[in-house]
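Below are structures written as C-alpha cells.
Each of the two complexes below includes subunit A, the first together with subunit B, the second together with subunit C.
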Partner chain A sequence: MEVNMTRVRPYGDTLDDGYMQLSFTLPVQCNAEARKAAELLAEKMGLEDVKVVYSHNIADIFSFFVVYGRCIHSVDMTAIEIPKVDADFMSYQEINGFIEKHIARRIVVVAACTGTDAHTVGIDAIINMKGYRGEYGLERYPWFTTYNLGSQVPNEDLLAKAIQVNADAILVSQVVTQRNIHIDNLTHLAELVEAEGIRDKVLLIMGGPRISHELAIELGYDAGFGPGTLPSHVGSFIAQALARTMRNSGEQARGVYP
Partner chain B sequence: MMRLDIDMTLVDRARSAAGRIADGIQPTIDAYTTTSIERTVLRLLGLNGVDENDVPLPNIVVDQAQAAGLLEDGIAYWIGSAMLHQGLSLSEIANALAREEVSFDRIPRSDHDTVRRVIEHEATRVCSYIKGRRLQRERLIVGSNSSTPPYLYVIVATGNIYEDVIQAKAAAKCGADIIAVIRSTGQSLLDYVPYGPTTEGFGGTYATQANFRIMREALDAVGRECGRYIRLVNYCSGLCMPEIATMGALERLDMMLNDAMYGILFRNINMQRTFIDQHFSRMINAYAGVVINTGEDNYLTTSDAYQEAHTVLASQFINEALALRSGLTPWQIGLGHAYEMDPDMTDGFLYELAQAEMARIIFPEAPLKYMPPTKHMTGNIFKGHLMDAMFNLAGVISGQTIQLLGILTEHVHTPHLQDRYLAIENAKYIMNNARHLRQEITYKKDGIMEKRANEVLAKATSMLEQVAAISLMSAIEDGMFASVKRERTGGRGLDGVIRKSEKYYNPFPEMFMQELTSLDFSPVLWGDPVKGQGRGSEQWK
Partner chain C sequence: MNQSVSSAKIAATPSRDDTKNPIDMVVFSGGNNIAVVGLAKNSGKTVALNAIIKRAQAVGMRIGVASSGRDGEKLDAVTRLPKPRIEVQRGALVATAEKLAMSASASLEPLIKTKHVTVLGRLIIYRVNSPGAIEIASGNKASVVKSVTELMRHLGAELIVIDGAAGRRFSSAPSLADATILSTGAVVAPTLEGVVSRTAQVVEILTSPQWSDPHRQRFDPESLTNQDVVIISSGAMGNHVEELKVKSVLVSAAEIIRQLPGPGSTIILGGALPGNLMRDLAANRKARGSTVVVGDATRILATHRDLSLFKSRGGRIRVFHKIHLQAITTCPVAPDGRMFDAETLLDAVAKAIKHIPVVDVVAGKTRNLPGYHETTGDETEGGGVA
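Let's turn to the complex of A and B:
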C-alpha cells in the first residue's frame, strides 16, 4: 500500500476513500427535516456522499444521528512536528543505576493533585509503591524520595512543601478539565514557582488523561505526560533532565552524562 | 435454594465482627458532637438563609457559639435560651447575631425544662413535615408504574442546575429511574453548604437546598408525564453530611450517597468527625425514608479489583453494622460494589459475577448498588460500551437493585446527552433480553465462581476479625482500608469536634429513634407492592 504522506486521508474500505463515521445530537425534534439538517451539517464539515444511517428521537426534543461520509480533506503529515518528552525511557533497574552513577544522591519528588481536583488515580499510579500495570511507583525506587500530598492540595501548599524538602521535581496531576479549569490551575502554579524564584531549580511536570507534552511546553513546564504513562517514563525523564541540568551548571556529579 | 453455596458460618462470623467494630466506635460517637451536627439542629429547627456576605446563618450562629465555648451544651439549648431571653424567633436571633446586635455572652442560662418545651415545639413541627414528605413519596410510588429492578441510575453533571434539569428530564424519558446530580468537585471539603440556585460548578453542580427543590419539581413533573416515580439522589458526604441529609429530607430526595468511611479515606476528613457525623446523618436519612448508597466502589479505583475484592465485602459489613445502629432498616442500606476488574483478565466476568452473587446472598434485603467499570475505561468508546454491556448482564443475572449505568465516554468527559441515551438503551436491551435468566441458571458446585466467592468471604472475615481486635480507628491508622493511612487526629474538620457536656441537648436523636423503633412506623416503599415487586430485594428471594 502506497500512502502519500503529503495527502493522508481516512481509510474506510480502500485507500483514500475518505470514509468517516460520526455521531452527534441536534436539539430539535427527530423528523425528515432534522435528518436533512444532520446531512447538511456533515457536508459543511467537509464530508461528501453523506449518509445519515441512523436517527433516533431522544425525549421528543433531541435527535441522535449516526452519519457516514467521505472526507474531502487531507493532511500533509510531513509538515507535522510534535514536541516529545526528551528522554530515553529506561527500566526500573536502569533508572536506579543511572541515578547512582550520574547524580549520586536521591532525587526528591513532590507530587499532588492540586486545586479542587479530587482524582488521585493518576498521581497514585506514578508515585505510590504499588504503581501501575505491574510497574512499581517512584516511591519504591531506592534512588527517589517521594512525597505524595494527595488530592485537593492548594498550589501554595505544594510549592511550600517543594521548598521545604528541596525538591528536584514537582509533579502535578490534573484530571478534571471541565471548562478548562486545569489550565487556570496549572498556569497559577507555574506563576507561583516563577515568583518564588526557583523555576530554574526545579523540574515542573504535569500529568493527566487530557495532558500533552505540547500543552506542558506551552504553559512553561518541563514535561507533560498523558494517558498510558508509566512510572518509569516519568522516572527516566526526571533522572536524565536532572543529570543534564547538573552537568550544565557544573554541579558535582560523579559520572559523565553521555 | 442457595444460588452459590457459600459458607454461612463465615457470614455470621463476619457480621458479628462488624457488629463489634461498630460497637467499638459508638462511645466516641456518643461522647461528641460536631459543628456540622449543631448546624443541622438549627436547619432542622427551621433556620435557613445567608448573611450579606453569603455566609449561611447556621454557620454564623454555630461559629459564634463555638467561639463562646457553648457548643458542649448543644446549640439547641443556647438558641432556646436566647429565644426566651430576647423574646425573638430563631431566625430573628440568627439575624441579630449576624448583625452583632446580640451576642451569646449576654445570654443567661435559662431553665432546661423551659428551653426543652420551646425547642421541642419547633422540633415536632419539622418531624411531622419530614414525615409528610415521606408519606408523599409513598403515595407517589404506589400511584405510579414502577419499573422492575435493577433500577437504572444515571448522573447529570453540567454545573448548572437548569441545564441539569433538561438533561435529567431527557434521561427520564429515555427510561432512567434514578437521577443523581453530581456535586461540584471540592464541595465535600467545604465546611458549609452553599445557598440558592447555582449555575457554575466544576465537574458537577453544587448541592444546595434550592437546587434540590428545582430538580425535585422537575423530576416530579417528568414522572407524571412518564407515569413513573423518578428518584433523586445527592451526596451526603464530606464535612456537611448531616446538613445535606436534612436538606434532602426536607426536599424529598430519595437516595443519598452516605458512606461511613469514604470521607476519611478518600477526602482526608478527620475520622472522628466523620464517624460522629455519619451517625446523625444516617439517622436523618432513616427517618426521611431515604435509601443510602455506600461507596465501596471507591476502594477499587485505588486498588486492584481482583486482589482487594475482600476489602469491598468487609466494608459492606461495616457499613451495614453502622447503618443499623443509626436506625436504618436493611431495605434502606444500599451497599455498594463495582465491576472494576481488568477486562484483559481470563474469566474476569466469572469473578465479577461471583462477587455480585455473593453480595446478593449475604445482604438479601439490601437494595445493592452496582457501580460500572470506570478504572479500565480508556476512551475507546466502542470497547467501553461492550464492557458496560457485560456489566449490565452481570447486574441482571445477579439481581442487583440499583444499577449505576456505565457510560461509554467514561474517562473522556462528563456524560453528554447522547451518551446517557446510549447507556440507557444498552441497559434496557440487556436487562429485557435476559430478564429471567437468573431464574434459569444454577452455578456449578465447587466451580470457579463458588470457590472464588468463598475465598473472598474467608479473607473478608479474617480482615474484619483483625479490625475488631484492634478497633476500627487503629485499623485505618494502619492503612488496612484502600491502602490509605489516616491519623486519628489528622485530616480536615477535627476543630469541629466537641466533647458534649452532661447537659448536652439535641432533641432530634431521641425523637427520630423513638419513632424509628416503634412498630407502627410506616415503612417507605421501595418498589411497587401492588405489582408484587415489593421492597428491597423481595422479588429476588
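Let's turn to the complex of A and C:
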C-alpha cells in the first residue's frame, strides 16, 4: 500500500476511497425531515454519497445521527509543520543517569492545577509516585524533588512556592477549558513570572487534554504537553532543557533565587 | 439567527483622511518601538499590526517586525480558523525563527544569527528582498524580544513593531516599547457592556500614572529586582526610607505589611504587584492611604477588583515608567461567529475611554482624536481630550 503523503484521504474500505463516519446531535425531533437535514449538513461539510446509517431521538427535541459518506477533501501532510517538544525521550533510568551526570543535583519541580480547575488527574499522573500507565511519576525519581500543590491553586501561590523552594520548573495543568478560560489563566501566570523578573530562571511548562506545544510557545511557555504524555516525557524535557540552560549560562542553575 | 449574523458584514469603507488617523499618530509619533498588545487572542492585534506596517512602508520608513508570540500563521493554534497574514515590503527587517522563515512567501536574506534558539529554530534577523507574507516568532520572553529589537535598531530600522502574544501584555513595558496600541474586540466578553468594561479596566491598569514624588530621583528602577522592597514613610523626623530584602512579594506580603510604620506610606516593589498584596493591604489599617510603586504597569498582575478594593481604602498605584497608550483598536467579530455592530462597539469603547483615540481599522472609523469633535450619532461629546 503506497500512500501519497501530499494527498492523504480517509481510508474506508480501500485506499483513498475517502469514506468516513461521523456522529452528531441536532436540536430537533427525530423524523424523516431531520434525517434529510443530517444528510444535507454532511454534504455541506464536503461529503459525497452520504448515508444516514443510524438515527435516534435522545430527548424530545434532540436526535442523534451516525452518517457515512465519502470525503472529497485531502490533506498535504508534507506541508505540515508542528512545533514539537524538543527533547530525546529517555527512560526512568536514563533520566536519573542524565541528571546525575549533567546536573549533579536534584531538579526541583513545583506543580499545580491552577485557577478554578479541580481536575488533578493529569498532574497526578505526571507527578505522583504511582505514576501512570506503568510508569513512575516524577515524585518517585531519586533525582527529582517534587511539590504537587493540588487543585484550584491561585497563580500567585504557585509562583510563591516555586520561589520559596528554588524551583527549576513550574508545571501547570489545565483540564477545564470552557470558554478558553485556561488561556487567561496560563497567560496570567506567564505575565506574573515575567513581572517578577525571573522568567529566564525557571522552566514554564503546561499540560492538559487541550494543550499543545504550539499553544505553549505562543503564550510564552517553554513546553506544552497534550494527551498521552507520560512522566518520562516531561522528565526528559526538564532534564535536557535545564542542562542546556546551565551549559549556556556557564553556571549552576541552582542559586538563581536568593 | 446565524444567518443574519453572517450576512451583517461591516460596510468596509476605509476613510483615508490621514489627519484623522490614529495609525498615523502612532507611525509619526517619533517613537521607535511600537507594541501591539491585546486583551485576548483574536482581538485584532495582527490587523492593527498590518495597518501600521502598511502605513509606515507607504511613506518609506524602514521598519522592523518582531512578535512576542507567533504571528502571521495561516491558522489559529486554538480555534484553527484562518488568521490575517503579515505582508512586508522590500527592505523591511524581520526577527523570526529559522523554520518559519523557510515557509515565508517573501524572500528573506539572513543578516544576523542571534544566540537565541527557540523550538522553531534559531532566531535570525532577516532583510526582506522581495515582498510577500511572513510568519514571525521572535522569542516569548522580554529579555529575548529586547535583544532582537536592539539588533534591528543597529541594522537601521526606524520603526519597530512588536506584535503581542495572545492576551500577554509584557511587550508594552516601556523598557521594550515607546508606545503601545491595545486591541480589544467581541472575543473579550459575550456582551457589549462586558467588552467595554473589561477594556476600560485594562486601560486603567495600563495607563497607571507616573510616580512623581521627590524621592523618585533616588531610585534606579532598573536595578531593583523582585527581592527589593522599599518603604518610605513620613514622620516627625522627616522621611524615613527602609530598604528591605525579601524572597519575593509573593512570599513575603505579610512581612512587608508588618514593616509598615503607619498609614500613608509608600511601598516600592521591584517585582510584580500581585492580587493578594492588594487584598492584604486593603484589609490592614496601617496600610490606609498607601502608595504602591512598581517599575511599569506590566508589573501589575492584580485583578481590577483587587486594585479597586485597595484604592477604595485610599490606596494609590504609581509607576516609575508610564506606558504611552496611543490608541485602542476595536474588532466587532469573535471567532465563534458572534458579531457586534462595528460602530456601536467603537462608540461604546470611545465613550468609556475618552482620553485615548479608538479606531476600527477594518471599518476605517475613528473616535476620540485630539482636537476633533466627531458626531457619533448619540449624545457623546466627542470626548476629544488632547
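The definition used in the following text is that the second predicted complex is superposed on the first by the 251 of 258 C-alpha atoms of A that agree within 3 Å, B and C clash if a C-alpha of one lies under 4 Å from a C-alpha of the other, contacts with A are read in each partner's own complex, and residues count from 1 in each chain.
We take it that contacts are C-beta pairs under 8 Å (C-beta built on N, C-alpha and C of every residue); 3 or more make two chains touch, one makes a residue touch a chain.
Just so it is clear, the model here is predicted, and its values are computed rather than measured.
J.: Subunit A superposed: clash or fit between subunit B and subunit C?
T.: fit
J.: In the superposed arrangement, which partner chain does A:25 touch: subunit B (first), subunit C (second), both, or neither?
T.: first
J.: Counting residues of subunit A touched by each partner, does subunit B or subunit C come out ahead?
T.: Looking at subunit B versus subunit C, the one contacting more residues of subunit A is C.
J.: Between subunit B and subunit C, whom does A:116 touch in the aligned arrangement: first, second, both, or neither?
T.: first
J.: Between subunit B and subunit C, whom does A:49 touch in the aligned arrangement: first, second, both, or neither?
T.: neither
J.: Vertex at subunit A, arms to subunit B and subunit C: angle between C-alpha centres to the nearest 10°?
T.: Angle at the centre of subunit A: 100 degrees.
J.: Is A:215 in contact with subunit B, with subunit C, with both, or with neither (first, second, both, neither)?
T.: second
J.: Is A:62 touching the first partner subunit B, the second partner subunit C, both, or neither of them?
T.: So A:62 only meets subunit B here.
J.: Applying the touch criterion given at the start, work out whether A:156 contacts subunit B, subunit C, both or neither, answering first, second, both or neither.
T.: Second partner only, subunit C.
J.: Give, as a whole number of angstrom, the minimum Cα separation of subunit B and subunit C in the superposed three-chain arrangement.
T.: Taking the overlay as described at the top, subunit B lies 11 Å from subunit C at its nearest C-alpha.
J.: Touching residues of subunit A toward subunit C in the complex: what are they?
T.: Against subunit C, subunit A makes touches at 81, 83-86, 154, 156, 159-160, 163-164, 180, 183-184, 187-188, 190-192, 194-200, 212-215, 217-221, 257-258.
J.: Mind listing the subunit C positions that touch subunit A in their complex?
T.: 40-41, 68-70, 77-78, 99, 103, 118-120, 137, 140-143, 165-170, 225-227, 245, 247-248, 250-251, 270-276, 298-301
J.: Show me the residue ranges of subunit A that touch subunit B in the complex, using the header's touch definition.
T.: The contact residues of subunit A facing subunit B are 23-25, 56, 58-62, 64, 116-118, 120-121, 124, 128, 130, 150-152, 176, 178-179, 181, 209, 227.
J.: For the complex, which residues does subunit B have touching subunit A?
T.: My answer: residues 159, 169-171, 173-174, 184-186, 188-189, 202-203, 266-268, 301-303, 375, 378-379, 411, 413-414, 416-418, 421, 483.
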